[in-house]
Amino acid sequence: MEENRVLEMRGIEKSFPGVRALRGVDFSLNKGEIHALMGENGAGKSTLIKVLTGVYTKDAGSISMQGAEDIQIHSPQDAQNVGISTVYQEITLCPNLTVAENMFIGRGNGRITKWKKMNEDADKILRSLDIPAAATQQLASCSIAVQQMVAIARAVDMDCKVLILDEPTSSLDEQEVEKLFKLMRDLKSKGVGIIFVTHFLDQVYEVCDRITVLRDGTLVGEYAIADLPRVELVAKMLGKEMDDLSDIKGENAAYSGEDAGDLVFEANGLQSDAGIKPFNFYIKKGEVNGFTGLLGSGRSECVRAIFGADRVIGGEVKMHKKTVKISKPLDAMKNGIAYLPEDRKIDGIIGDLSVRDNIILALQVLTGFFKPFSRAKAQAFAEEYIKKLNIKTASADTPIASLSGGNQQKVILARWLLMHPEYLILDEPTRGIDVGTKVDIQKLVLELASQGMSVTFISSETDEMIRTCSRLVVMRDRKTVGELSGDDVNQNKIMETIAGGEAKS
Amino acid sequence: MKKIDLKKLLSNQLLIPFTAIIILCIVNIIYDCVNTDAAFFAIETKTNNSGFTVFSGPLITILDNGSELAILAIGMTLVTAASGGQDISVGATIAIAGSAMLRVLCGGNTRPETLAAPIIVGFLVACIVGMLCGAFNGLLVSVFRIQPMIATLILFTAGRSIAAWINNNELPIVPDPKFAYFGSFIPGIPIPTTVFIAAACIIVAALLLKFTNLGLYTQAVGINESSSRLNGINPTAIKFISFIILGLCVAVAALIKVSRLSTINYSVIAKDIEMDAILAVALGGNALSGGKFNMWASILGAYIIQFLTTTLYRFQVDSSALPAYKAVVVIILVVFSSPVVRDKLSSLSNKKKALKKGVA
Amino acid sequence: MSTDKKKQSIFTKVSDTNLLLAITIVIFFLMYIGAIIFQGGGFSKPQMFFNILNANAALIITSCGMSIVMISGGIDISVGGVVALVSMCCAVHLDQHGGSVFGSMLIALGIGLAFGLVQGFLVAYLDIQPFIVSLAGMFFARGMTTIVNTVPFNVENAAFKALMDTRIYIPGMGTTNKKGIYVPAYVEPGVVVALVLVALLFVVLRWTKTGRSFYAVGGNKQSALMLGINVKRTRFISHLICSTLAGIAGYVYFLHVGSGSASHAMGMEMNAIASSIIGGTMLSGGVGNIIGTLFGVLSLSTIQNIVSNAGLDQAWWTGITIAAMLCLFLVIQSVVMAQKKRALK
Amino acid sequence: MGFKKKNLFTVLTLIAMPVMLGSCVSDTAAGTPAVLDSEEEASDLITIGFSQLGAESDWRSANTQSMLESFTEEYGYNMIYENGQQKQSLQMTALRSFIQQDVDYIALAPVTESGWDGVLEEAKEAGIPVILVDRRVDSDKSLYSCWLGSDFELESRKLCEWLDSYTQAKGLAPSDLNIIHIQGNTGSTAQIGRTRGLANAAREKGWKILGQMSADFTQTKGREVTASFLRRYDNINVVYCENDNEAIGAIEAIEAAGLCAGPDINNGDILVLSFDGTAEGALELAREGKIAAIAECNPLHGPKVRALIEELRAGKEVSKFNYVDERIFSSLPEVSSVTVDGISYPIENIDN
């Protein structure tokens, strides 16, 4: 272990049923350094962090800190004792307690809470890190950004050597991000090693010293910021060899039915209470288009507004040029719109219900309350789609919760395809899924499009979008910044638009 | 079914109710052998006072007295599944519905000679009142998002007082003997009418579950509310409906309870029946935090509680000491169905299996 | 900095617990003053307030226990049963076994501790729903009360009767009535025990480590774990404290009533829950205050006195008014919380 | 409804609730003159606090009604009535609040006999005379001015005498009687008197009492207790209930078990005996002969209590124990009158 190394991880292995999440990953962190950990969804970033913080225990490999070889971390407490502190994206603090308490609770400093001293210490730390909160203020009354900084302040006060920030900036606006960076630079000058897990390229280039890139559970490489230009980083993240995958777009001829050109769905000035700016959007019959942009740029919020998942507060929506009112998901479903949500666990699957019930649910709701499918009919529907999408499940009766991520996604897809929608929205359909299933889903989307279904495809993996979409709406910071179509739909153009240049539409 | 594999049966939800029934049967058989005159499974015929031959015996008493609880278990299962909480105002709402029914039937004076309104009208009024109470609870739970147990605490506190207020604290007696048939026997028919009423409610519940999507939607809302909303289900409406259905069950139970005595005692009628109804749902192996449910298991759970009560009565257990024994049974059942104990047991059995394999 | 300042309206400055506490205290005083104006008669005399304390000392102790369990996210509906069981066992011990007053106090504490250990273990370590565990606890306690002694009876033990009749006179608060006789104001020993416990619990909740961990576990069980709090132990202790307090409350109730009976403390657990909610404790956990619960009990019993003094001879008015008050508080709480959440968006 | 509108709706109901609540509580308070103007013209109206033990039976409601009717304004009284709901603790709080409200007299119908010393002493210290109604207390006699009620033991001895002469008229030997005894609230004066009467009669006359259990003077418990007795014994021919409600419940249990309550004891009927004679249902059953005989327990204590208070106000000494006169009813012709301690009491039929 060199002198200024604070953390070294060698040959880390971790696998879950059916998926090898980490394949022999090495990672090293210096004292007083901000080190970015980059990689697409499912690349193993969060698994590596969870191994380091003791939420998961590693299958193989070694973790060593300065002065302690091959330490064992089995719980968040172990990590905390060793000096590794983490600030998760969903803040793990108690909203009902005061700021000061959240900083000092559970740290075993004596039986009696000395309120006066605790508040003074908390205020001292908050002032030293320039955090705009009072010690006696209730945590719930602070904004998300302030809460995150309180979590960091707690970690710092426990004189942590390694501070892990897991996607801290995903729900912050520019000013708050700026404040966070100032805090990180202070800590860096005090010698703390910071691991910064994020999706945002410009933030990495603004504050980090070194970058480690992961892809599909393997270590791509470790680079200093200076000698890794932005486009090359993206290429490493997406993996060059993905390009020579056959351009499957060519296999399926574009839909050529006589009503190929006319508009299926149109939205102008659509706005919802989820904080996105009003946007215009249209899709033709048989067309596959997509929303692209970095995580948190508002892609999901747009499609949730279309589907009525969030409360629509403005704008007008037309189906086949006729204005329709979509205020709740049922209205959208009745108009033939289907929506595969981004987060499978919270919005997608209904855990304890069987695969069959999950598949027939949407069609059942459309058919009506008083017209339940007979057991045989439901079984037929289920078996048809289990075969069609080759879903690996013991039987149609097994609860969906016990299926793997990929198969769960296929069941949800089957649910919406059973409805034979006119317009299908897929939000991150391939997130956290093995590569095999990914290609199946992409092929299926194009096949449906060639049969006349219009599809909106959202994925943070731009190569996937390139291979499937004929038109791309590019989003940044909850606004549409450009639209690419035809041969503009290529790697560099997308990167430019995302990175900042105004793309010519 | 090919070889019944033990694992599937073991994890099946009906495991708890069936084991309970088997144990209780064994206990009663032992009791029979000890004192020969009592025969548990015998159904003798007796003539009741109006000279009709009637079946009687422990089995009949279980079916007769257990009917109210079974009907309530239907409604309580739906409420628990949809809202993930319990309704503790059931006993009090039975008092309100019963009191309203008596007010209509007796037309305000406590000793009417003739019925002020036909019995069916009285029952309809009870249904409306039951559904109104259900609606009140439903509104607080689904719209104001108040925890079910706390929302129903309001009616629990006020219920019996409202019931007393409806009849100005009088205890009216229904004069018409036909009214008493619901709680006892219809002349000429040997089986108590309550059994028919309970059977009718169970059939209606079966039809409701078979010919509508109520079962599927309730479970969907109970397991994952936001995902069911995204699939077009209206979770608020489903929770509201479940409370309305429970209100109906309460009305039927009120009809039986009041017709057993053809009068009402506000502080005593259906005392603590809500605790038994919740127990029935738990005995049926349904999670009290909502989600997946098995209606027949809950109904079975209701009859098991009555089975336990009748068995304990045969052992000369005083009626007010009964809850202690019931508590012991509940603790045993709940401990064995708790996930922590189950993991321990399965890890224990795996170790044993591994040991066997290792050795062999 | 500016965006945060804008949100610093008075609304968000005060923490949830203090906001609800303020509402409760204001409403209690409004009600009491209203009673004095409208009902004249007894309310203007201080002894009426002491009578409320005397009659509800046991309810104050059980409600504090209930608040602690609710703050840490659980519930315990066996407290009423425990109170009845304790009074019956002590009565039997004193009269039929000729036991000593001190012996009966030990029995009361023993029963409370036993219930606390069993229920705490089942809830915390076997992770069974608190509602079901305490429901079984209630059944067991109510059943055992009649098994211990079927017939209710008054205690004749001289030493106990002496303790029961001790009055703690409060100088200067007495009043002379129409017949010119000076009626001294007094408080029962149970009230002193209750107020001491309230003060003790306030200190525990406010200052000790375990006290604060109740709030943390109630606020967010998952984060509490990540912050290094032993969640299982905290929930176990919360149930232990609640049942032990129920044991003590049982003895205080026994002192006030002086008899053992199966119908004692009927529905006390529901009154305890109602008092905690009126006192600003939220069933979802993490929010609550012992002082609020004390005022919750006082509000509840003041309502009962107002209704019975208003000459409403029918008993149903008390039930309806308490329910209306509970409903009022619940709706206020849910609106205030929604308001606060929206102010932060 | 968007959250905004819904929120408006909730605020409106919030304001409506207390106003409605406040108005209904206060207007009823204003409605009963007893409380409001007790301050101003306290001089001529005598305030009397009446703590009734509950409302568990028709006899009790009749008793409350009679007390309320006899202490109204025209007689120069105003009464504060409190319902103890069968709980001694509530009655004690009621008495203490009477003391605070400075009432002139206290009338108490105690739910049990023991545990009253403390509160009665407080009343004595406050100089407020206490008149006991219906049930006695075991506290020292100096703690209350007087007691008014029925002689429960006399009622019971009259009823047992009737049973004895009726069964002899029917040619039954004392040993053929199998009696089950449904008791009232354990520990109440009525229960103690009526139980002692039966116990003495059974000892003297050699009757067999198969079982004894309390049904708290209520119809539901009466029915349950009788049903459990009928399940255990099949040779019962006399059911001795200690009030009307228990008798009604007992008859329902008898009929539900397929037996018959009636006068013809020789071949299978069950004789049902009852006390009070106020419940309409019981009088009806007595006319049909389903209840063989009822010993009246006169609930109309109001006028007698007022008379006692008038004497106390006039400073006259009042005897400690005062009895109301009571009759015995039966529609069965076999027995015309019974004599107890030399006094003969006619058996009156139900109608008058």
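A, B, C and D are the chain letters, set down in written order, and residue numbers restart from 1 in every chain.
Assume a contact is a pair of C-beta atoms (placed from the backbone, for glycine too) under 8 Å apart; a residue touches a chain by one contact, two chains touch by 3 or more.
The structure presented is a predicted model; accordingly, all values stated were derived computationally and were not measured.
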Chain pair showing more contacts of the two, A-C and B-D: A-C
Euclidean distance of C-alpha centroids - subunit A vs subunit C, Å: 47
Subunit B-subunit D separation of Cα centroids, rounded to whole Å: 36
Interchain centroid distance [CA atoms averaged], subunit B/subunit C, Å: 31
Centre-of-Cα separation between subunit D and subunit A, whole angstrom: 75
Multi-partner residues of subunit D (at least 2 other chains): 10, 55, 85
Overlap residues in subunit B, where contacts from two or more other chains coincide: 144, 169
All touching chain pairs, where touch follows the definition stated at the start: A-B, A-C, B-C, B-D, C-D
Residue numbers on subunit C that touch subunit D, as the complex places them: 34, 38-42, 45, 47-48, 51, 55, 151-154, 156, 164-165, 177-179, 181, 183, 256-259, 263, 305-315, 317, 321, 324-325, 327-328, 331-332, 334-335, 338-339, 342
Contact set on subunit D toward subunit C in their complex: 3, 7, 10-11, 13-14, 17-18, 21-22, 25-26, 28-29, 32, 34-36, 38-39, 42, 55, 64, 68, 80-83, 85-89, 93-94, 96-97, 99-102, 104, 112, 114-115, 117-118, 125-128, 186-187, 214
Residue ranges of subunit B touching subunit A (in the complex, touch as defined): 210-214, 216-217, 219-220, 223-224, 226-234, 291-292
Contacting residues of subunit A [partner subunit C, same complex]: 76-77, 80, 91-98, 101-102, 105-108, 110-113, 115, 132-133, 137-138, 140-143, 146, 175
Contact set on subunit B toward subunit D in their complex: 46-50, 54, 56, 110-111, 143-144, 169-171, 173, 184, 261, 263, 265, 267-269, 313, 319
